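Taking it in order: structure first as structure tokens, then the write-up.
Letters A, B, C, D and E mark the chains as written, and numbering starts fresh at 1 in each.
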Amino acid sequence: LVGCGESNTPAAEGDSEGEGASSEVAGTLVGGGASSQEAAMTAWTDGFTSVAPDAQVNYASVGSGGGRDGFLGGEYDFAGSDAAMSDEEWESSKEICGPEGAFHVPSYISPVAVAFNVEGIDDTLNLDADTIASIFAGEVTSWDDEAIAEHNPDIELPSTPITVVHRADDSGTTENFVDYLATASDVWDYEVSGEWPGEIAAESAQQTSGVVGLTSDTDGAITYADASQIGDLGTVAVQVGEEYVEYSPEAASQAVASSSPVEGQASNNMAYELDRRTEESGAYPVVLVSYHIFCNEYPDQETADLAVAFGEYVLSEDGQATAEAAAGNAPISEDLRSGAMESLSAITVAE
Amino acid sequence: MSKRVDAVDLNVYYGDFLAVEGINMSIDARAVTAFIGPSGCGKTTFLRSLNRMHEVLPGARVKGELLLDGEDIYAPGVDPVTVRTQVGMVFQRPNPFPTMSLRENVLAGYKLNGARLSRSESDDIVESALSSANLWTEVKDRLDKPGSGLSGGQQQRLCIARTIAVKPDVILMDEPCSALDPISTLAIEDLIGELQRDYTVIIVTHNMQQAARVSQKTAFFNIAGTGKPGKLIEYDDTTSIFNTPKEKSTEDYVSGRFG
Amino acid sequence: MSKRVDAVDLNVYYGDFLAVEGINMSIDARAVTAFIGPSGCGKTTFLRSLNRMHEVLPGARVKGELLLDGEDIYAPGVDPVTVRTQVGMVFQRPNPFPTMSLRENVLAGYKLNGARLSRSESDDIVESALSSANLWTEVKDRLDKPGSGLSGGQQQRLCIARTIAVKPDVILMDEPCSALDPISTLAIEDLIGELQRDYTVIIVTHNMQQAARVSQKTAFFNIAGTGKPGKLIEYDDTTSIFNTPKEKSTEDYVSGRFG
Amino acid sequence: MTQTPTPTSVQSPSGPPQLSEGNRRRSSLTQNTLPSWLWMALLAAAVVIGAALSALLGFNLATWFIFTAVIYVASSYFITRTRVNRRRATDALWTNLIYLAFALALMPLVSVIWSVSSVGIQGLTEPGFLNSEMQGVTGLVDEQSQTEGTPVLGGIRHAMIGSLLITLAATAISVPIGLMTSIYLVEYSRGGPLSRAITFFVDVMTGIPSIVAGLFAGAAMAWFLSVFSSVTGLLSTQRSTLGITAAIALSVLMVPVVVRTTEEMLRVVPNELREASYALGVRKWRTILKVVLPTAISGIASGVTLAIARVIGETAPILVTAGFVVNTNWNLFQGWMTALPVYIFRQFQNPTSPNFSDPSEQRAWAAALVLILIVMGLNLFARLIATLFAPKQAGR
Amino acid sequence: MSSSLTQSDKRGVAGDRVFSALTVSAGVLILLTLAFVVLFLAANSRDAVYQEDQGGWIIGAFLEYAYPLVIGTLVASLIAIVLAAPVAVGVALYISHYAPPRWSKSIGYVIDLLAAIPSVVYGAWGMSFLGPELIPVYNWLHENLGFLPFFAGDPSQTGRTIFTAGIVLGVMILPIITSVCREIFIQTPKLHEEAALALGATRWEMIKMSVFPFARAGIISGIMLGLGRALGETMAVALVLSPGMLTASLISNGNSTIPAEIALGFPEAPPGSERQAQLIAIGLVLFIITLLVNMTARWIVSRHKEFSGAN
């Protein structure tokens, strides 16, 4: 029923069910960006070929910045990014994407887990933003510190020293996590960026797999990572309001739902200004929204069709399920999906 | 196929060091001219300037005129390669090409220039050149072996064969027999005698008897002292030089007991 | 300070190629022995086996005994380095160290012993070695220049100076005068005459007169044909070899017109 | 009694007597010779004492090795020094140190090869590893492999082809340029400003970080394409992410290695060979091609292999210039290409299935093993060429 | 044979001209490429030192950012070169002068294998094998030599230190230096080696007298090549190191190198941002470092030009 072949206003609102739905788009769509999307992207590009047998999607995981750079330079048809474009970037996107510029659609939401490996603590640990910030800032240095114990009266805490493990590469995960620390806690006063604050001496490793690996190998280590990839590590339930919330897809979606969209860019833009201080019950505020960035206007019909078809596939129930199964990503909520589908339908071909 | 060589006010330098000064001489075609003189007096240096090999060394240069059948080889526009195809040279230290077999060494003058030779042509050239240099019988069974596995004298004869194989007009030989036994020396001297019929031959030798035997004219070079340039002291018929030299120093030198 | 050298059934090989076969000879101490013979007959090869330089070439080896004052230098446990400090050598092709100055070249062997020489001591050594080799006056002003900027004959004399500077017991010289003019040749022959008083001297020469002039004993080597090994044909007092040789081939060779 | 000395016996560790300055009289060539069993015994003792000392610190192989080496080297030095003389001791010391250097160099080699092959061989033997691509291999497939033990799917055909094409193109660009430049430096320039500038900047080029080379090549290609299409009106839709762009990036990294190694090799070709050729009336360029280059060919071949080995393992510049795809692309001038190192890196860093990463890791190690084998093959090939042209051995 | 000296074989002359023109153009091409690289770096790094909204030039801030990286880069390369150069020269000598001649080729081949290993693999090896192995060593160094500033800080418990990175770099550049040295050592004229041996030199003395002087320029070239590689190596360092701020201690975590910083930062650097410019600007800084280091090396080589090896 998804007849998005020749028309530049793709039909399929909402429920493109994937199964059996076959699209006639053909050609190669190229994209690049966040490496964290790689596993999901592998599943999507693969799944997409079963929906649109003549189409191919290539994705180079050159990093969010590199992806946006390539996208703005006309190298890629779409970008995958862990961070939303800045306003300047959006301005410059008008060069290649027409007067409306480019826009974001969320491709998935990941809770960022605060994960640890401490012999003797098997359970979830309860912590508040201030304590987490103190730990990562290197001020709390032992697992049996008073600040930790306060939140976990039932747990026998060992005296293992804390080894903080952070991302060595600049990363969207770091940016979101640090943003959380900076907004939700009162003790974190480092600059917020994808780069870990240089003033803090700690261990580090490259990419999510690196920090998770290093943490798993080191007793007393704590890190932050995309929750889908933390394996057997213990995790922290974060204090929101009066309760402690463990990460979960629903909790993450709820945190996004309670946030406000970014203003001032394209009218169909779906980037979010995340509310880290949310007090909403059941929301997990340490989240990262991963976007796909598309043009509002493509130079030719083929690319426009491909972009719409691929974007819709990613957002389809089927696409989200595939990614969840293959890469463990949290699917996005119904509301968000239908909103995003609508945004995609605004894609046109330049005259 | 032979050419006359005339040097006019020739000075030869190594950088700033004047090694040979003010040479004026006229070397006959179809004749053998011998250069004699004490070690370090500039014989090699002068010889190398005759086919523009001197300038190959960094900083080395030549002033004056050097006429090959009346044409200045140092004139602007002269291609040193042309000069060298006409003026061949055998070096003081034998230098066969280590990457080549004996056969290829002899044919080097052709092969390196990209000449296409049929198998029989090249066989002929190799045999005749090696025979002239009195090396054929010694190496004919190992023509495909590397040129560096030869004794000192064999290497020197190989280099002679290589030079005469390309039939230049003028042949320069820097002490060609220094590493040779009497038999080979005899053969080379015979060769020189033959070459002289068609070519201009110039040889440097420390062996007075040899000079006396093979050359028609002899040039005596000398050096006044260390750091001074070498000079041409006397140049005349070989018999005159050895029997009635005009200069005292020539007489002293040739009457030395050795050779 | 001189040593006798005896070869017993000595065979010298290059890989599988037997270059010198069955040498039996006894070389006197404090005497000059000359090796003569046609090019390629194995003189250099045999000479190099006398101080274990031969084995430096890949695949080269020696069979038989070589006794230095009765001790086999090829016996197991003998260190070639010790042999070479006792048996010095001047090569057929002059080989000064190109990166060293003239002065350092002469002192090269001396420095090996780690002897700390005062400036004046080393000056003395350099001067006396270079003077013996008849090179002192030519180079005394440029002792700090590299050894490669010399003429062929100068390089050869430099190598002689370098070898005698360390005062070995036995001195091997492979055609030491081949690139030298008569004056230098005279000087080197004088030097050989002097050395003989204290050392065992063995020289290879193609110059019969030279052999006759400087040596007490002469060994004639010959080769039966190409690919055949070189052999010691006759070994006797120099006067006998040149005047009353026992072998026909010796007579043919020494009566050659040249040298 | 016979003896077949080889160059190694030029200096046997057993030391004969030595002249002291004043007294040059020696009675025997072998006097004071240290018997060869001594060194065996010494080594055995060093091994035992080393083990004991290491055990004191909590035994491990590394300390054992270090103690053994130190004890053996030091004691053989002192024994030679006291029983023979200082020169011989110095010689023995350096001989030991050089052997030690060799042993030291082998250690990381063995360790790395072990790391690679212990997992890699398993991966290499998976069906179709060399022969299939990554098309269709998603996290689900890997999850199945890891949890249910089904064969690990996915292969490196596309990456091997990509790597070979890109590297060949880079070699084809940089070897002629590098070789010609070094010929200019050695044979033509006479130390003028141009040659000094080239020498100098080539040196500087050796230190360009590879990622910078990639960024530069991408930018240069994009610029070139835009200029080209605005001038000719052709190729206006061509993008700069291409195999050939990666080849250019790699060339930037390769050229300095080629220039620098070949320059050194050409410089040691004796001048007398050039002179011999000139004297035969051979033109300079022919002399260079037929005399100088063949004489130096072995070194040049090593240099080129070194350069290839240097770039064939590059990751970042290829990823940013050639992209990353899951299937084979044979065309350097159209579309994206995957190279082996990029493949390896991505498999390590972003496993196809983040939570079931064993199959990815296995593929990565196996691909690394293949890459090593490829470079070895190229190396062997270069050496073959070198020996075909190399100077015939023998001679003094 | 031509009759006149100025009339020469036209094709031959053309061949010479073409060939020499080719060589010059190859050299010029390299210079041009390099000029473009510099231009590219300079043009893209402007924002790192000039920001309108921060009051113009911000060179001070940039230097503040860059100097720890410069030091880290130099330290890692220095460790690599200090470890690798002597071993590499030793191995090259082993192959050229010590190993049984029959085996030496194969042994050279084995060492070349080290060059065949891609840097990603070195990175993975350093990170997963070497680093952990070195932890006890670092602890020991800290306990026993802790009074030295380089061993002062808390020893890393993951082994991912600048010292480990230096060792990995050392292993990586070892085959480069070895290969260049080996080829040169083999070329040492037999004549000169024999000259030394005939004077009664031991093997080591012969090497000192004949081989080293002949190979001097080559050894330095090899080392410079290795150093260039060490300075510019990206991926291995990025994987092995646990980068952080500058510390004097070599065995604690911290320190970073320029290429690693670029590789780790560039993928996420927003297009056109100051961060991106900053990363490209440190690329330029690395360029300048390489320039200075090589100037020094060339200067050392040129001091002995007169006494050169060939002829």
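To be clear about the criterion, a residue touches a chain if its C-beta (ideal position, glycine included) is under 8 Å from a C-beta of that chain, and two chains touch if they have at least 3 such contacts.
Since we're looking at a predicted model, the values are computed, not measured.
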item: Shortest path length from chain A to chain E (each step joins two touching chains); value: 1
item: Pair with more cross-chain C-beta pairs in contact, given A-D and D-E; value: D-E
item: Whole-Å separation of chain centres (CA-atom averages), chain C against chain D; value: 45
item: Cα-centroid distance, chain B relative to chain D, in whole angstrom; value: 47
item: Inter-centroid spacing, chain B versus chain A (mean Cα positions, whole Å); value: 83
item: Per-residue multi-chain contacts in chain B, two or more chains; value: 81-82, 85-86, 93, 113, 149-150
item: Junction residues of chain D - those touching two or more other chains; value: 6-7, 10-11, 87-88, 91, 270-272, 283-284, 286, 348, 393-396
item: Interface hub residues of chain E, defined as touching at least two other chains; value: 12, 16, 101, 189-191, 194, 197, 202, 205, 214, 263, 266, 309, 311
item: In the complex with chain A, residue positions of chain E that touch it; value: 127, 132, 156-158, 160, 238-239, 241-245, 247, 252-254, 263-273, 275-276
item: Parts of chain C lying in touch with chain E, wherever the complex brings them together; value: 51, 53, 56-58, 80-82, 84-86, 88-89, 91, 93, 95-101, 108-109, 112, 145-146, 148, 159, 162-163, 166, 168
item: Residue ranges of chain B in contact with chain C within the complex; value: 14, 36-40, 44, 92-94, 137-142, 149-154, 157, 175, 178-186, 206, 208-210, 225-227, 253, 256-259
item: Interfacial residue positions of chain E with respect to chain C in the complex; value: 101, 189-202, 205, 209-210, 213-214, 216, 304, 306-309, 311
item: Complex contact set, residues of chain A against chain D; value: 28, 30, 32, 35-36, 38-39, 42-43, 45-47, 58-62, 66, 70, 73-75, 206-210, 226, 228-229, 231, 322, 325-328
